[in-house]
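The letters A, B, C and D name the chains in turn, as written, and every chain counts its residues from 1.
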Amino acid sequence: AADLGTYCLMLADDALIASQRLSEWCSRAPDLEDDIALSNIALDLLGQARLLLARAAAADPSLVPALPEGSPVPAEDALAFFRDAGEFRNVRLVELDNGDFAVTIVKLLLHSSARIAIFEQLVDSRDHVLSAVAAKGIKELTYHRDYAGRWFLTLARGTEESRRRIDAALGQVSPLQAEMFATHAVEARVAAAGVGVDPATVADAVAVVLAQVFALSGVDQPTKAPLAAVQGRQGRDGMHTEALSRIVGEMQVVARAHPMGQW
Amino acid sequence: AELLAEFEATISRNDRIEPRDWMPDGYRKTLVRQVAQHAHSEIIGMQPEGNWIGRAPSLRRKAILLAKVQDEAGHGLYLYSACETLGVSRGQLTEMLIEGRQKYSSIFNYPTLSYADVGTIGWLVDGAAICNQVPLCRTSFGPYGRAMIRICKEESFHQRQGYELLMTMMRGTDEQRAMVQESVNRFWWPALMMFGPPDDESPNSAQSMAWGIKRNTNDDLRQRFVDMSMPQAEALGVTFPDPDLRWNEERQAHDFGQPDWDEFMQVVKGNGPCNTQRIAHRRAAHEDGAWVREAATAYAAHQVSLEGA
Amino acid sequence: AADLGTYCLMLADDALIASQRLSEWCSRAPDLEDDIALSNIALDLLGQARLLLARAAAADPSLVPALPEGSPVPAEDALAFFRDAGEFRNVRLVELDNGDFAVTIVKLLLHSSARIAIFEQLVDSRDHVLSAVAAKGIKELTYHRDYAGRWFLTLARGTEESRRRIDAALGQVSPLQAEMFATHAVEARVAAAGVGVDPATVADAVAVVLAQVFALSGVDQPTKAPLAAVQGRQGRDGMHTEALSRIVGEMQVVARAHPMGQW
Amino acid sequence: AELLAEFEATISRNDRIEPRDWMPDGYRKTLVRQVAQHAHSEIIGMQPEGNWIGRAPSLRRKAILLAKVQDEAGHGLYLYSACETLGVSRGQLTEMLIEGRQKYSSIFNYPTLSYADVGTIGWLVDGAAICNQVPLCRTSFGPYGRAMIRICKEESFHQRQGYELLMTMMRGTDEQRAMVQESVNRFWWPALMMFGPPDDESPNSAQSMAWGIKRNTNDDLRQRFVDMSMPQAEALGVTFPDPDLRWNEERQAHDFGQPDWDEFMQVVKGNGPCNTQRIAHRRAAHEDGAWVREAATAYAAHQVSLEGA
């Protein structure tokens, strides 16, 4: 149950931080249609995060930060707003600054491709909540990946400027890709228990999908080495980039000022 | 002259004018100005609330707020489309906005300073907008009227959500209640200003009413808004910062004070607390996104030429 | 005493927020010498803020936010880190985003010019602490103004690009200038009591100094209308721009997470 | 040959080589590489700590941190000046840094994740730097040696401040103590890596020692650092994350484990957790400031031409 809780946090935090980053685009996107699309994707991910945080809290109540007695803050919010940055379990890719639109598209493409592949196996989870979250999520993620893939192709084959930017974006984001497929001990155990998915098992399938996108776009496979771990620890262990404490600081500022608040 | 007669007959039957119908130049111009201003208001209106998406204090509220701001983008989209049926493109309209040649609702030139503002904007600002807009569902120009029907439906939903946020906060801590009252104090007068200057100082109203673009006077709508808001404030447990505000048994309506019209004029003239910031934000988004829009155009052209080949 | 405390907060918050903004330049300035100079100015203002916050707390202990019993947080930190944005009394000019180097220079020029003129009168305050703070501050502020003035001249007479930017910066910042000279009721009372300075009394002198800088630089006097108040309220009343809650949120995040912490 | 003999005599007397003196090309190149790397380390080193200036939890700590990071900029300035006496300009050095053609200390490619890191960097990272640098005060090249004297003095001050921050935090809450221990766990191994690879894998050491640029071997210095740090850790009440770390009575020194040299090589090769971020930050500052530096140059030229006229 502890493993299940932690595993749910991993999946939840990936979605929550990605959603928080995407929502930064709101009122800033290149066109209204993209403003709406990016908000929509942020909303989908936020929805996934909420279900998964609730499942994490149910599976292992000890994960939920203690709040003052009588606090009306629900478990999903206690987890989202009252954990410190070092307790977040997301991969580092989702923390990365939005950068320009190309960086955002590359992040979304790489992340949604990996997440779909995981969710496609997760529908068979012996945990019915995870299975249901996965079933619902696949449809959403397919839209996210299609949106990102369409823009990836468009930018790669658009103008010289957009091509330069998509290449730079791929160079910047791709070192963070490997971490998504590195098996964490918790993932190994929940996979063995038939509850979760070992992400290493989907790495090849994702690579094939992405290779198609790259080929269609006329873009070379990225070759940069993966971002190093810190003494073997990465995002899943709470070892993040400097960006996360800033994201979390902004996200939590109002909630933390009112631990007894109702919203 | 025959065309004009037909146009006027349509108006007087309370029928819709459609884009392909003949219409007087003044009517078209007034409409473009009004619809564009309305569209710009939706788009600029994303900023004050968007300011708090990243800091929403619960995941449920974050989802509600994100969806709401997204709806505003959607409203902007319908209204720009309605405007395009009058022969002005979204690109042209955006240029006019960021060059300051077209206006947007002055309310969005006030800052949002706490999360309670999200609720207050929903309740009072969207509430005032609805008072202004419901009559526009019957406006004479078809695409505008139909857009307004859809928009009004969503706006009432937003208004209820805003009111519900404030209601929830009022059930919370003392700090939260103080936050709500402070927010209401700040937005009450600007909300009243949303109905425009008093009737005797509103030069364009008469013609707009004759054309069926506008359906009620500023002061009528303002009165209706005050009367509607008072019982809601009481239910919420907040007051409005107006010592002259009281029920007038004789008129069967509330008496109330006048907003600071000098401040209103300052804001309209571009000197409000956030005018520069709002336009700069919009301009930055537009300019930062130019390379993306160009890439999309280039890619589409390329696809067409491939299909042609 | 309440007026004196509030007045000290006004002077303190101007310095504190200006310092916070200037320190954002650290490791980002156009050249190492400027990195050092801007940090130095930020340090001077931080020093002024600390003395003034301590004086505010001594003059009116009720200003100091309540902390949990036994908290070791000193009064200056309670005031800096545990007030909400709406309790800050600084003018809005110091909150403004740093923007590019030209905006920072214009902000610094306008603010230091006004602050010197006020401090030159404040040395005669009947409050010995304020008098001493002013005496020490004048030397510091003179350096700040000289630094800003030199760069103003350099940018105005440098390249076409730098001229365009200094003009734009002046257009952006100058609407916030008038607020620095608008007399607040508290300022009027402390001035009448011989303790503080009515900023309106120095407006003309400051305008003369700035007119010289503009003339030397060949720049026109800015003509933009002042930024409107909100129902008559400006920064001194706690009515700020949207930027302040973000500045304060970042500044306070660690301190607020540890109300019983020692640093 | 005569020049070379004179040079070698100076070195063997432990005297300083000065910029106008003749020196072998290899000596000059090695020096430029080392001094530049050191200068870059100071400048890049501003970032990990600068990351916390805006969030310093007390005004006193904010002032201390701001002054410290400012000192690092000052150190960078002296060292770039020392490098300029060898004929390479600051602009050239900066270009080489942001193009990745010159290195800086790998330690700065680790992220700072809590305020305790400010203390730990002062204590362990500055501590290790001092161990490396104190011998350099006697280095054979005059400008470098003199810069190092000044820098070492300030570095020990920083080290004491860092240690004092940690000491204060350890007297605080349980959360603060945990924060300190977590930070020490993260920085211990990277601090040991600061002395470079083990002597048998350090190719340039021998020549540098012969030239009097370097005065001690990597392993010597690393041992000295461990022996110095252990009692400090005990006084503080923290442990180091090394199960092999213990006092060896026979050697009268501590035995200790080896850092993960694979991770070290990854970081050196540019794949560390923050390499890209650090260089991108430096590049952005350099590029964003270009117009300012150009304006200063143009203005100075203009003034000169006015004086000439």
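In this section, a residue touches a chain if its C-beta (ideal position, glycine included) is under 8 Å from a C-beta of that chain, and two chains touch if they have at least 3 such contacts.
Bear in mind the structure is a predicted one, so any value in this text is a computation, not a measurement.
Under the touch definition stated at the top, subunit A and subunit B share these contacting partners: C.
When the C-beta contacts at C-D and at A-D are tallied, the pair with the greater total is C-D.
Subunit B and subunit C have Cα centroids lying 36 Å from one another.
Centre-to-centre spacing of subunit B and subunit D amounts to 57 Å, using the average Cα coordinate of each chain.
Shown for subunit D are the residues that touch two or more other chains, namely 55.
Under the contact definition stated at the top, the residues of subunit A that touch 2 or more other chains are 249-250, 253. Chain contacts in this assembly follow no simple pattern; the graph is neither a line, a ring, a star nor complete. Contacting chain pairs in the structure are A-B, A-C, A-D, B-C, C-D.
Of all residues in subunit C, those touching subunit A in their complex are 84, 246, 249-250, 253, 256-257. Subunit D makes touch with subunit A in their complex at residues 48, 51, 55, 110-114, 182, 186, 189, 241, 260, 263, 266-267, 269-274, 276-277.
Residues 85-86, 172, 175, 224-232, 239-242, 245, 249 of subunit C are the ones that touch subunit B when the two sit in their complex. Residues 20, 23-24, 26-36, 39-40, 42-43, 46-47, 49-50, 53, 72-74, 76-77, 80-81, 100-101, 153-155, 157-159, 161-162, 165, 250-251, 253-255, 258, 260-263 of subunit A are the ones touching subunit B in the complex.
Only residues 43, 46-47, 50, 52-63, 66-67, 69-70, 73-74, 76-77, 80, 90, 115, 165, 168-169, 171-173, 175-176, 281, 284-285, 288-296, 298-299, 302 of subunit D touch subunit C when the two sit together in their complex.
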